[in-house]
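Both of the next two complexes hold chain A, though its partner changes from chain B to chain C.
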Partner chain A sequence: MNANVEALSGVGWMDQFRHRLYSAAILLAVTLGSVWALAIDVRFIYLLVYVWFGVIYGVLLQYGRFCMAAAVRDLFAVKVPRMAVGMMIAVGLYALVAAVVTLTGFSTFHPQPLGWHVLIGGAIFGFGFVFTGGCASGSLYKTGEGNLNSALVVFSIAFSQALVVSASGWFDGLAPAAWAQSAAAKGMPESLSVTRGWFDLFTAGYIWDLKGQTLAELLAVGDSPVTTIFVNTFVNAILPVLGILVALYAFYYRKGFLRKSGKAHLGWSDELAGMWAMCTSSKNTALAGVGLGIFAGLHMWVTGALREHYEIFNFGELLAAMGYTDGLSIQNTVFDPGYWYITTQEAQWGGWVLEKLGVNMMDNVFFGLDNGLPNPLLNAPGFMSIGIILGAAMLALARREFKWKFPTWESAFFAIAGGILMGIGARIAMGCNIGAFFATVTNGDPSGWIFLAGMVGGGYVSVRVFTKWMDWKVAREGGGLL
Partner chain B sequence: MEWLKRLFGNHEEHEPLLSRQEDLPGIGEVRIAYVVDCMGAMCPRPQLLTKKVVEQIAEGEIIEIVSDNPAAVEAFPWLAETLACTCLLTVRERDRWRIYLRKGLGSEAAGNNG
Partner chain C sequence: MAMSFEQTAAGQWTLNVTGYTCPHPQMYTKKAMQKLASGDVLTLLFDNPSSGESILSMCDNDGNEVFDRHDGDGNFVWKIRKA
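On to the complex of A and B.
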């Protein structure tokens, strides 16, 4: 029914050519930058792996319009399940690839500590992302499309996280006394001041006492590879994905399908055909999911192999060996997850800037002990995020979808406020929609489903608030409609 | 302060909201009842505005949605279905898309569209 027409009266081949040229120029710049880095020290290959995987993630995200905020929001705001379906298919396919990587022994994945913080953090994150118009990964790819409002979201996430992990004041008192006792008992170096700053109390006094386990470990099913894969991949990822897809079909798709089919009653084969129609209409997002699954798996494999080659556990050791010791944590480490991650490296950007402005950002567990504060030019996962922006820009330019978009007062306010909430939520939950959900559920860690539950709950409330705001605005601006 | 206003003002070239006659390729002459101007708008604004407008128009009336947000544009055929509308046509121009929705599902006008 829906026909697509290109009315390119204003678009000559020159315009098309110009866009492709810009796209190629980005590719050339990343290539030249890589060669330059290798000329300085061949060990920068470790950092370049992040850069190039970032570029690939960016291309795939833009191709599939991969946005978790859209998945949750469209479901509640306009009852459109398209992105949610695509996202679930992507999770299932990614889980299969992750299983192969785990079997080869190159997985760099660590399960997240499981506790109430995952639910609460997820809810705050989900509340924020309806207002910003994009999740952590969505905001990065939209920045690559020239959307400066999304760039503002990334900026806001970076600084709010840096402030959350380093702030201390009267609110330290809100942390339970048990956390302070537990944190003090950890025997951390004086320089980290773990009993000061609520995030330090939260990390050292609460998170460290929790355990992160895959479902196979949680159920203690033994360590035979077949059982582990069955529990971690099939039970933890594929089964819930199928359950959610059936629910999405039943609640959001079936009615329309019934109407279109013209039948009064659907038999089993019709229902299956309906499910299939629903899944194939989210083709681009699902295809992006396959690609993301394969490349995220490869990313773990390549980083794992490089760690073995250089006999290191963490990029910090390599940086120290190359003579770059600025910004390493007291354990000589930097943030180096070895897989797809978004928010922690953004927190490091914010933290690095604040440190340069004279704020002591290293007297906390998050930067001082764990992740360090490397110069952004030496921040490997940071380059993955920049790679995502550049990769998305390349494809957006090639498809003529790149356009500079400037924020309005209203959208800037939402970007900053929503970004702050996303930053706070991501730190409390110890990750975003990628680090705390996508990478976890696909690697056998059930905590990601708790994060999703929180995120969906927060998103639901947020959609209600946002719709009220829109109603009020439309009513105020008159005309009945616009 | 003028530069601030310029930076945060809405930069897009906006569409006149008046109803008009339009000759749609493959569909023919139709009357556009409303233009939903979503230039520069982030999701979920285009979807919510469209939903609002669809609630106010009569069955069979056609609206035009103008958007420069590729993710929103791609989702419109799905949105049309949930709003019980027919997505007639999507026209891509240099820096925007025009989507034509008719309230109501399938009928004689859509039949012209091959």
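On to the complex of A and C.
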């Protein structure tokens, strides 16, 4: 399809120059900020790795219109597999790079506990992201395009998570008594009050009793690196990716390819050509998938190497050594996954604001024991999220696609309600489409496929509901579309 | 903000979904294309960049041709001919 592509009339070279100037100004600001941080303390290099990988993710996400909500939603709503294909390409590449990183001994990955919560959390998350119009990272890059609906989604995810992990009240009674007993038996410090608050009971009384294992550990195949890589990379990631790509081709692409080929039947070579055509039909998405897969793996390697260099396990130790002890957890830790992650740092933003407003946000496991509540200026993964926004803004400005888009009452409602569901789902599943899916399946953790199943199920139901609402709206407002 | 879909001449239609974010533009476009007869042309106005990639793929899958694109400052005006 070779369309005539032109700039809209009235957009002169001055306008183009102005946009590129803004884009360059963002790059300059991030560069100067980095130099300033290093001038204060060279150990801020650890935080800056998150910043710059965030910028790279932002550029790639905007370039490929890469949003995992679209992978599920567009498949069911408009039968377009391009984003699901892009997502699988990214998973395959990340898995291969992660295998190399694991072999070098620099992997920062830890498997997630496997249980029913992954499926339920994924379903709630998937139901929410159809209404918000973007996944966790998609909402960040769209914020960088000037979309303030997406900024509202980010705020909603941040505060809903902060409230979920800290709230205590009548709904504590929803937690089974066994959780309360198990939580009490953990012998946690009194300051954490683990027997109060639904999320503390859920974490200490349920999650901590589960095991997180890679597929190689689950199948007990032994310690040989070759066997481990074969099981964790090939069986857990590459094989499912190939299976999903074949299914996407068979159910969503083959019919159109058959029509375009003009043939009555397709041979094996034609089918392979069809698969290739599907994977490359949206070049931007495919290239972004390749880039994200590679850089996500490299991110893990660079952070792992820095941890070894500074002889630390967590950024909290480095912060303490630099004299920044405010907001560290009681273990002297902060949230520091060492790889691409989105929702937990956003929960910290929400929690930090609430703490400053006088709410005690550290008397729970999530902030008080595990992730801390550092000042946002010292929140390394938080800067990765900001980096995504800035990277996307740089490219959107350079491509003249940046546009301030303000919410209406309707879009604001969807952004807030959908964002709340995404926040709740992310906390129940212990991560979002990045932390609970993308980072897990690529590192040998099968729990990510359970999350994907839940996310697809929730997304499917949500598309049905959303379509009904759209039909009702079109019927009410007219326009002749029905 | 309201979506508009109207016939401007014989075989010529306009769908304006400016101001809408995902997934509205691609879903409205799909509905609009279903209303067109073969050979009809839809002029599509939207300002959500990520919808564009999905709309291109949707047209490619269905055999519809995006034959004219005017893009700039976050606004997109595309012409799509129905197969």
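The working rule: the second predicted complex is superposed on the first by the 476 of 482 C-alpha atoms of A that agree within 3 Å, B and C clash if a C-alpha of one lies under 4 Å from a C-alpha of the other, contacts with A are read in each partner's own complex, and residues count from 1 in each chain.
Everything that follows uses one rule, which is that contacts are C-beta pairs under 8 Å (C-beta built on N, C-alpha and C of every residue); 3 or more make two chains touch, one makes a residue touch a chain.
This structure is a prediction, so every number in the text was calculated from the model and none was measured.
Colleague: Given the superposition on chain A, are chain B and chain C in a clash or a fit?
Modeller: After superposition on chain A, which the two structures share, chain B runs into chain C.
Colleague: Of the two partner chains, chain B (first) and chain C (second), which one does A:Arg259 touch, if any: first, second, both, or neither?
Modeller: both
Colleague: Per the contact definition in the header, classify A:Glu308: touching chain B only (first), chain C only (second), both, or neither.
Modeller: Neither chain B nor chain C is touched by A:Glu308.
Colleague: Which of the two partners, first being chain B and second being chain C, lies in contact with A:Ala412: first, second, both, or neither?
Modeller: Touch status of A:Ala412: first partner only.
Colleague: With both complexes overlaid on chain A, does A:Ser281 touch chain B (first), chain C (second), both or neither?
Modeller: both
Colleague: Touch test for A:Gly146: chain B only (first), chain C only (second), both, or neither?
Modeller: In the superposition, A:Gly146 contacts chain C only.
Colleague: Can A:Lys79 be said to touch chain B (first), chain C (second), both, or neither?
Modeller: It touches chain B and chain C both.
Colleague: Contact-wise, after the overlay, does A:Asp326 reach chain B, chain C, both or neither (first, second, both, neither)?
Modeller: After superposing on A, A:Asp326 lies clear of both chain B and chain C.
Colleague: On chain A, which stretch or stretches are contacted by chain B in one complex as well as by chain C in the other?
Modeller: Of chain A, residues 1, 3-9, 11, 15, 65, 67, 69-70, 73-74, 77-83, 130, 133-134, 145, 147, 149, 252, 256, 259, 281, 284, 401, 403, 405, 408, 411, 466-467, 470, 474, 480-482 contact chain B in one complex and chain C in the other.
Colleague: Would you tell me which residues of chain C are touching chain A in their complex?
Modeller: 1-7, 19, 21-24, 26-32, 35, 47-50, 52-54, 56-63, 65-75, 77-78
Colleague: Taking the complex as given, what residues does chain A use to touch chain B?
Modeller: Chain A reaches chain B through residues 1-11, 15, 65, 67, 69-70, 73-74, 77-83, 130, 133-134, 145, 147, 149, 252, 256, 259, 281, 284, 401, 403, 405-409, 411-412, 463, 466-467, 470, 474, 480-482.
Colleague: Any idea which chain A residues touch chain C in the complex?
Modeller: 1, 3-9, 11, 15, 62, 64-65, 67, 69-70, 73-74, 77-83, 130, 133-134, 138, 142, 145-147, 149-150, 252-253, 256, 259-260, 281-282, 284-285, 396, 400-403, 405, 408, 411, 466-467, 470, 474, 477, 479-482
Colleague: Quick check on the complex: what are the chain B residues that touch chain A?
Modeller: Listed in rising order, the residues of chain B that touch chain A are 7-11, 17, 25-26, 34, 36-37, 40, 42-45, 47-49, 51-53, 56, 68, 70-71, 74-75, 77-83, 86-95, 105-106, 110, 113-114.
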